[in-house]
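One structure is given here, and the rest of the page talks about it.
Should a chain be cited, it is by its letter among A, B and C, assigned in written order, with residues numbered from 1 in that chain.
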Amino acid sequence: MKKLLTFFVTLSIAAALCGCAGGTGASSEDKTSKEATYGGSVVVGIQQDIDGLDPHKVTAAGTKEILFNIFEGLVKCDSNGDLIGAVAEKYELSDDGLTYTFTLRPGVKFHNGNEVTAEDVKYSIERAAGLLDGTPLVSPLSIVTAVDIVDEKTVRVTAGSVNPELIYSFTTAIIPNGSGEDENADPIGTGPFRFVSYTPQEGIVIEKNEDYWQKGLPYLDQVDFKIITSAETALVELKAGTVQVYPYLTDAMATEIESQMQVLVSPSVNVQALFFNNADELLSNVKVRQAICYALNREEVSEFVAGGDATIISSAMLPTLESYYVDLNDTYGTTGNVDKAKELLAEAGYPDGIDLTITVPSNYEFHMDTAEVVVEQLKAAGINAKIDAVDWNTWLEDVYTNRNYQSTICAITSDMTPGYLLNRFVSDSKKNFINFNSADFDAVYGNVLEAKSLGERGILYKELQKILADEAGSAFIQVPANKVAVSNELGGYKFYPVYVQDMSTVYYVK
Amino acid sequence: MGGIILLLSVVSIFWTPYSPTQMSAALRFKPPSFAHIFGTDNFGRDIFSRVMKAIGTSFLISLFVVLMSAVAGILIGAVTGYFGGVIDAVVMRVVDAINGFPSILLALVIISILGKARANVVLALGIAFTPSFVRIVRGEFIRLRDSDYIVRARLMGARKRRILFLHILPNIFSTFWVSVMIGFNNAILAESGLSYLGIGVQAPDATLGSMLSDAQGYLSSAPWYALAPGLTIVWMVLSAAMLSEGLSRKKKNI
Amino acid sequence: MAYIIKKTATLIITLFLVSVLAFLAFQIIPGDVVTSILGTEATPEREEALREELGLDKPPVQRYIKWAGGVLRGDLGVSYRYSKNMNEMMPVSELIGDKLPVTLLLALFAMILTILFAIPIGVLWAGTKNKFLDGALNVLTQTSMAIPAFFLGILVTYLFGIVLKMFTPGSYVSYKKDVGAFVSYMIFPAIAIAIPKIGMTARFLRNSTLTELRSDYVRTAKSKGCEDKTILFKHVLRNAMLPVVTFIGMIIAETVAGSIVVEQVFSLPGIGRLLISSISTRDFPVVEILIMYITMVVIVVYFIVDIIYRELDPRIRVE
């Protein structure tokens, strides 16, 4: 017996489980109903160069947020964080949770004018899952064992094991059959915009897809994503009107630009923390880790670096994922407790204080600023911290890959799956760069894998957060807000609970 | 003029008006006033105190860079210039190669071999600066090696080391001195350039270059933040330049 | 002829050394290009496949020989980082070919500005008997040389961009799109590069003019009753310009080799910025070629200056 889930049902489940960033009230999304007009072009400032044009291979969040406009999966995320059908109209999940049967939406066309066929879908999923050459390009899809064409409108995907969060990975782009091997292929998808050109160090240009399946979208004729590497330049360009949308305002920039533009605020998906290397001789002592957690005045940090526009957290979960998040800020307080910190250090055998090295990726000014404040705060508790600023690739190798560091300040960018932030702290996880090693945590995580429903998982995820906070695996700091500058002439900008710059709903107001 | 710089950097070892790292949310971005003559930065730190500390740091680093590269330049330049031949050809190619090598990459290499410390910033810049000294010293040695008094010394059977360092070296000092001063200026500029690009001395310790780089983000809201370290660099370099000009004039008069 | 052959041999040896040094540097500095490209989420299979694709699974010496062989055959390789389209990476030659005109034009504009201002200032300075003007020019030129490139960039941005609003910093327009807008933007970074060069060249010209003025032939001309102005413009300047040519040559070499900092401050997509970003993304093929290019420019320009010098001044040829 198969259970039929239309998207109507899926939608409500996803809404309940995924939470929705847009609806928490913390976001100041542009909801005023202004009259939309069609046409026009917009320049969007982006911070980093893109890392590729192959939607299955790119890894940088800064690239994915742009390619969202060009490519679509069988399903896609909407601005509430819910999954809606895109290339697929609906899907069925078998009772054993292993087989997904997708029904394709009729009349969806690629940018080259061809209609999407079952072959294209089969090819795309097989390519991303590594069934073509043994190299999975999208990690969670590696549990997919077979993709079968049932008929010309139906594709069946079989997974080797149950993972209730797998459906999120079917947002993987559908591309024309064979285009991943074609040497001269321009990026072709089914999204609201088609690819026009890419110039390294300058930017990427996209234009309206006239045949887009969502009628009435997009509004704009052209969008120019322009690389602007310095915040100051971005500010000047915003003021001069040569850039109309800029999604990464710093606190100082936001204050300065407010009078001239709309500044929209919404929680981000970045979890910032002072991560400890739990295998370090000094930091393997839980009391030392707790002492540092106590010594941090996280509210002051947030005030200095984010202008207070941040949610203080004490464990690894996005507060916007409401059904999974548990507020643990009472564990260490949020304003710093120097006496308690000193006391714990003395108990741990360091009455005279400790030395601590904090490795920080120097290209992230936000983390560098945070580090400067943290160093100053730790001083009061007798912790003599120093900053080791390294370039991003050195950080990746020394800190992330080789785990050769003492502590680091950085942020983990979450995706939509609720387990994303927690599964890395299992002691043998490849992603456990903090060397967190807790038998309790591992045991509860074992139960998570057994749990067949997202509801069951939710309860266990809360337990995991508590263990991580109590054992002070790391000193979690905040989830800073995203601040986006949008020209007064524009309307319809939507926030997503994931990294996405959806330009399809943006329009010029009359 | 240069005296004030020296004085400030010496005083900064014992005393600054405020702690250079003390933060205060209430004092962020205060424009210059009597209390904070250069204003405050994005953390409410006193910019004057930070500039004082930074002058000392930049000054010391530049001094050691010049010392190191000048000594290396003399040794290498003397040998290659005097002896010529294969050694000269090989060494000069290496010198050319280093010349074309971006100092940032060089700094990254040295820092990753030896770790991050001020001494290694000095080493990286020192290596980058050596080729120009080698060229000058080598040129002078080539000019002097066939001059009459050296030929005479050689005929009298003076040992090579004696000829190199007792006969020729003192004669090139006047030319060399000017390039040392120029080198010092360039070292100040290069050090600030490196820390501007985020390589070099670590935060929260201030250097003039890193302060400028931070300040750039607040140029329109807090222009004083960028001006203070920027003008200080100009002032430092200018006073060193004036000093070297004075010296070379004095030399001409003699 | 023998001279040219010798110089060319020198150039080749130096380029070889530079390429080896850069290769070694990339062996030493931390940062694995595979992790850099794939980020933190990739499967081990994917990492393995990419490592193989880039040839990083081979021993270093073999990799160097393969790379050098390619370069000798005119194949500069492909970038690790920049895509050309969905599946192909950008060939290094195409990437640099796209960025080089920006840097070259910037150097050209800076040079024009330098010559336009430095020569009149230098001549005026050498000819003046006004103590005040002499002192003022001395301080001005010294100061212009004391400003670090990035601070000068910031100052130009602030003054012309933010205060006077003569241009919008960052609003660079490609020369392919709109030549007028390109030129009117490039003026400002060119000013930032030119200011210290104007100072240096003017000082240099003044000093060499003064040296010439003290020489015997000037005294002879004076005693023959030639006017000061005639002497200055007809005789002295021609000779005084000789060292200035060398000097300007060096300046060209310096700017053509990439104005890393100025390109950074003004967000120009030139080769200086490409070099910095390629070092930080560990894009070895791009860095390697850029470093060789910079070395080559410097050596070749010095070489040309040397030849011009020989042609202009017979005394050197005799030596």
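Heads up, the rule we're going with is that a contact is a pair of C-beta atoms (placed from the backbone, for glycine too) under 8 Å apart; a residue touches a chain by one contact, two chains touch by 3 or more.
Remember, it's a predicted structure, so these values are computed and weren't measured experimentally.
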- prompt: Comparing B-C against A-B, which pair counts more contacting C-beta pairs?
  reply: B-C
Greatest separation from chain B - chain, by CA centre: A
CA centroid of chain A to CA centroid of chain C, Å: 41
Field: Whole-Å gap separating chain A and chain B, where each centre is the average of the chain's CA atoms
entry: 44
Statement: Per the C-alpha centroid definition, the whole-Å distance linking chain B and chain C comes out as 21
Query: In chain A, what residues contact two or more other chains?
result: 230, 232, 236, 363, 391, 394
Message: Two or more other chains touching the same residue: where does that happen in chain C?
response: 29-30, 157, 162, 264
Contacts with 2+ other chains: residues of chain B: 108, 112, 216, 219-220
Field: chain B residues within the chain C interface of the complex
entry: 93-94, 96-102, 104-106, 108-109, 112-113, 185, 189, 192-193, 196-197, 209, 212-213, 216, 219-220, 223, 226, 230, 233-235, 237-238, 241-242, 245
- prompt: For chain C, which residues are in contact with chain A within the complex?
  reply: 29-33, 35-46, 48-49, 81-83, 85-88, 90, 95, 98-99, 157, 161-162, 165, 168-171, 174, 264, 267, 269, 273-274, 277, 280-282
Field: Of all residues in chain A, those that touch chain C in their complex
entry: 49-54, 59-60, 130, 133-137, 139, 142, 179-188, 198-202, 228-230, 232-234, 236-237, 240, 242, 363, 391-394, 396-398, 400-401, 430-431
Statement: Within the complex, chain B is touched by chain A residues 230-232, 235-236, 250, 252, 255-256, 300, 303-304, 362-363, 365, 368-369, 371-373, 375-376, 386-391, 394
- prompt: Quick one: in the complex, what on chain C touches chain B?
  reply: 10, 13-14, 17-18, 21-22, 25, 28-30, 142-143, 145-151, 154-155, 157-158, 162, 257, 260-261, 264-265, 275-276, 279, 287, 291-292, 294-296, 298-299
